[in-house]
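In this document, chain identifiers A, B, C, D, E and F correspond to the written order of the chains, with residue numbering beginning at 1 in each.
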Amino acid sequence: MSLSEERRIGRHAVLLVLNSEEDMLHKLNWKSAIGKVGSMESNKVVAAIETAAKRNKIINSDVYREAHALYHAIMEALHGVTRGQVQLGSVQRTVGLKFAILRGNPYENEVEGEWIAVALYGTIGAPVRGSEHEAIGLGINHI
Amino acid sequence: MSLSEERRIGRHAVLLVLNSEEDMLHKLNWKSAIGKVGSMESNKVVAAIETAAKRNKIINSDVYREAHALYHAIMEALHGVTRGQVQLGSVQRTVGLKFAILRGNPYENEVEGEWIAVALYGTIGAPVRGSEHEAIGLGINHI
Amino acid sequence: MSLSEERRIGRHAVLLVLNSEEDMLHKLNWKSAIGKVGSMESNKVVAAIETAAKRNKIINSDVYREAHALYHAIMEALHGVTRGQVQLGSVQRTVGLKFAILRGNPYENEVEGEWIAVALYGTIGAPVRGSEHEAIGLGINHI
Amino acid sequence: MSLSEERRIGRHAVLLVLNSEEDMLHKLNWKSAIGKVGSMESNKVVAAIETAAKRNKIINSDVYREAHALYHAIMEALHGVTRGQVQLGSVQRTVGLKFAILRGNPYENEVEGEWIAVALYGTIGAPVRGSEHEAIGLGINHI
Amino acid sequence: MSLSEERRIGRHAVLLVLNSEEDMLHKLNWKSAIGKVGSMESNKVVAAIETAAKRNKIINSDVYREAHALYHAIMEALHGVTRGQVQLGSVQRTVGLKFAILRGNPYENEVEGEWIAVALYGTIGAPVRGSEHEAIGLGINHI
Amino acid sequence: MSLSEERRIGRHAVLLVLNSEEDMLHKLNWKSAIGKVGSMESNKVVAAIETAAKRNKIINSDVYREAHALYHAIMEALHGVTRGQVQLGSVQRTVGLKFAILRGNPYENEVEGEWIAVALYGTIGAPVRGSEHEAIGLGINHI
């Protein structure tokens, strides 16, 4: 039931979003997508990730259970970025984020099946150039 | 006022906690510490990081403003790990975390001074071996 | 993809936990109102319930303490529906809700006086038909 | 000061909003369990529901993805009961709850598969007999 | 490292925003109580205020609706002190608070009746002498 | 239905807990600013305070670390005013607030340096004249 050392989906998602050289991701044969979104509207961040996941066939857009799994992974990742209330413009701040989405089987035991990870990395701050610091978030869900 | 590309303190802290090979951290001459903590008590996680920061002289334990800066960075990192309520055992879950603490000057402009980053990476889940998935958190504060 | 009328799992679960018998509500002589609201804007949900309560004379709209009691009952019911942050469209989701408002004396002891209950039941999900599941909420306050 | 059996205002409100008919649950052939838990410790509430789900074979206790689905359904249901912070004794209150767990296929489309619902109903209040009112919660997740 | 008596920045800020004149409280003939509580356990803070309110006959301890009104006022005041999660020791911090409880009729219109206010003022910080700053909270409810 | 000038219960409670004497603020030689803001949009409250702080040279608008310190002090003060979710119009309520910003050295020990405090006091309620009660908030940060 334990996590596979070389298939830690969250670690891979974070390294992917950080654009860190290290990828052993190729040999895993997992579905992945990366993208960018900058906005003061938190719903636009959610929508951008959902759209990328659907376009890249990471989730099947005709199946709600897959959209549901993704949605909660996104919301959890946003908690890491927003650290308290999942709000951007309504508390006078904005984000510039890269995101990575991964779908794969991170557990040793086959029966654990597929999981989805959403990693976010970028900056959060005032709507003034340079008035920002980094933020990260990771959401993981079974799919 | 903008962030220095090669001095992104959050990215460095996250890579450090992920134990990702890539370190250009050496040449930056920043203070850093890494450690591990596993607990069902959230206060023990906070205390372990505070203790490591003091022992490694990342903060001066006689100056409250430094402890205050660190405390908020820790709490923000915990939001990423806990994603909703900053609680562990009281909602029947436990964590096994590595942490990295960095203190340095991430902005191009000298006047921005020093900042502190706390990165957390590990697993969160039920108090049952293997019933866990990964989690990450990053908190950044001026010091 | 839409919910099966006779297999609404949340509704069944609630009826199961309530051990549902048919309503003895008639003989209680309490004030009540029911209504519907569908929106991506949480404030519209609040306003719809407030308006129904005033129109049906469940609260006296000239008395702030009654509006105050109702408002907090609504907010508490919304916690059950939103489960984390009281946000809808700003986190890219929408609700279709039925609501019931009751004002009456639920305690044996006369001195406990009147209380107000707001119950919400319906669906929450993506702004896509059928991409939704059930949700419930209940808020209770003295009035 | 204790609640009047036939005047439980929250229960009536929920039945009203549900427009309660008697259960057609029997013919659905879903897995279900009911139970009771009273505690000032929120982790005991979580554990009681998890234990009931495992004992009644609603989830397979050897498969983490099932425990993960259940855990999040429980936490979401607790949001409805606690309405703000998922804390009991630490904010000087206690609960007496019935719970129901259902596992089944609520969607018309076969591909949506199985979902799990956790419903909670009971009282929350001061650790003083009768100083309590009703509360409800519902959490739903794909499994 | 301890706070300077005449330079308590939060207190000055509050007095400044209140445009403080001396109390005309005497002539109002309202019920009031003040007290102190220091603890790492949030439930002890709640209990201390509840006990003071009952002992000073600000609320009637035989009437739940009065205890219910007070409880929510306390919880709201604690939000101002804790600013994010209503937790103390579980996030490794402690408080030293004075509290005031007032019961009276603050509105021009007689029909608005009685309200209760709970005010908290003191320090919050690490469990280390002097490693703390001021905090304030105010909760108001109809009773 | 509007608040009675001399019976503002929250203000009295706060003055009571503060044991108010008149300000010795003059001799401290601290930077300060006061202002007013009324809005249903929480971001407008944040922006009004930020603008006042910059115009009155309480913070240096070219230095992000100062804006960062101020921002978190504002957010913490807003927690006291909003008591649960930092939302106004989106949960159908509005505020009318006075604010005070102070920058000074509150600790005996010189090494603790400068801190910033943001205090908010006013009313919160329905967007209907008089349907409101008082609220207060205080945020403090090192700068």
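The definition used in the following text is that contacts are C-beta pairs under 8 Å (C-beta built on N, C-alpha and C of every residue); 3 or more make two chains touch, one makes a residue touch a chain.
Quick caveat: nothing in here was measured; it's all calculated off a predicted structure.
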- Ordered by label, the neighbours common to chain D and chain F are A, B, C, E
- Check E-F, C-F or A-F against C-D and flag the pair whose interface repeats it, over half of the contact pairs matching by residue number. E-F
- Note on the structure: Per mean C-alpha coordinates, the chain lying farthest from chain E is A
- Item | Between chain A and chain C, centroid-to-centroid distance (C-alpha), Å | 33
- In whole angstrom, how far does the Cα centroid of chain A sit from the Cα centroid of chain E? 41
- Task: Compute the distance, rounded to whole Å, between the mean C-alpha positions of chain B and chain D.
- Result: 35
- Query: Whole-Å distance, chain A centre to chain D centre, using C-alpha means?
  - Reply: 30
- chain F: which residues touch two or more other chains? 1, 64, 68, 75, 84-85, 87, 90, 107, 112, 115, 130, 133
- Query: Considering every pair of chains, which are in touch?
  - Reply: A-B, A-C, A-D, A-F, B-D, B-E, B-F, C-D, C-E, C-F, D-E, E-F
- Residue ranges of chain C touching chain E (in the complex, touch as defined): 62-65, 68-69, 72, 107, 111-113, 115, 141-142
- Per the touch rule above, chain B residues touching chain D in the complex are 84-85, 87, 89-93, 125-126, 128, 130-133
- chain C residues touching chain F - in the complex, by the definition given at the top: 41-43, 46-47, 50, 62-64, 67-68, 71, 75, 78, 85-87, 90
- Across the complex, what residues on chain F touch chain E? 1-4, 6-18, 20, 22-25, 28, 30, 32, 34, 75-76, 79-84, 98-102, 104-109, 112, 115, 117-121, 130, 133-140
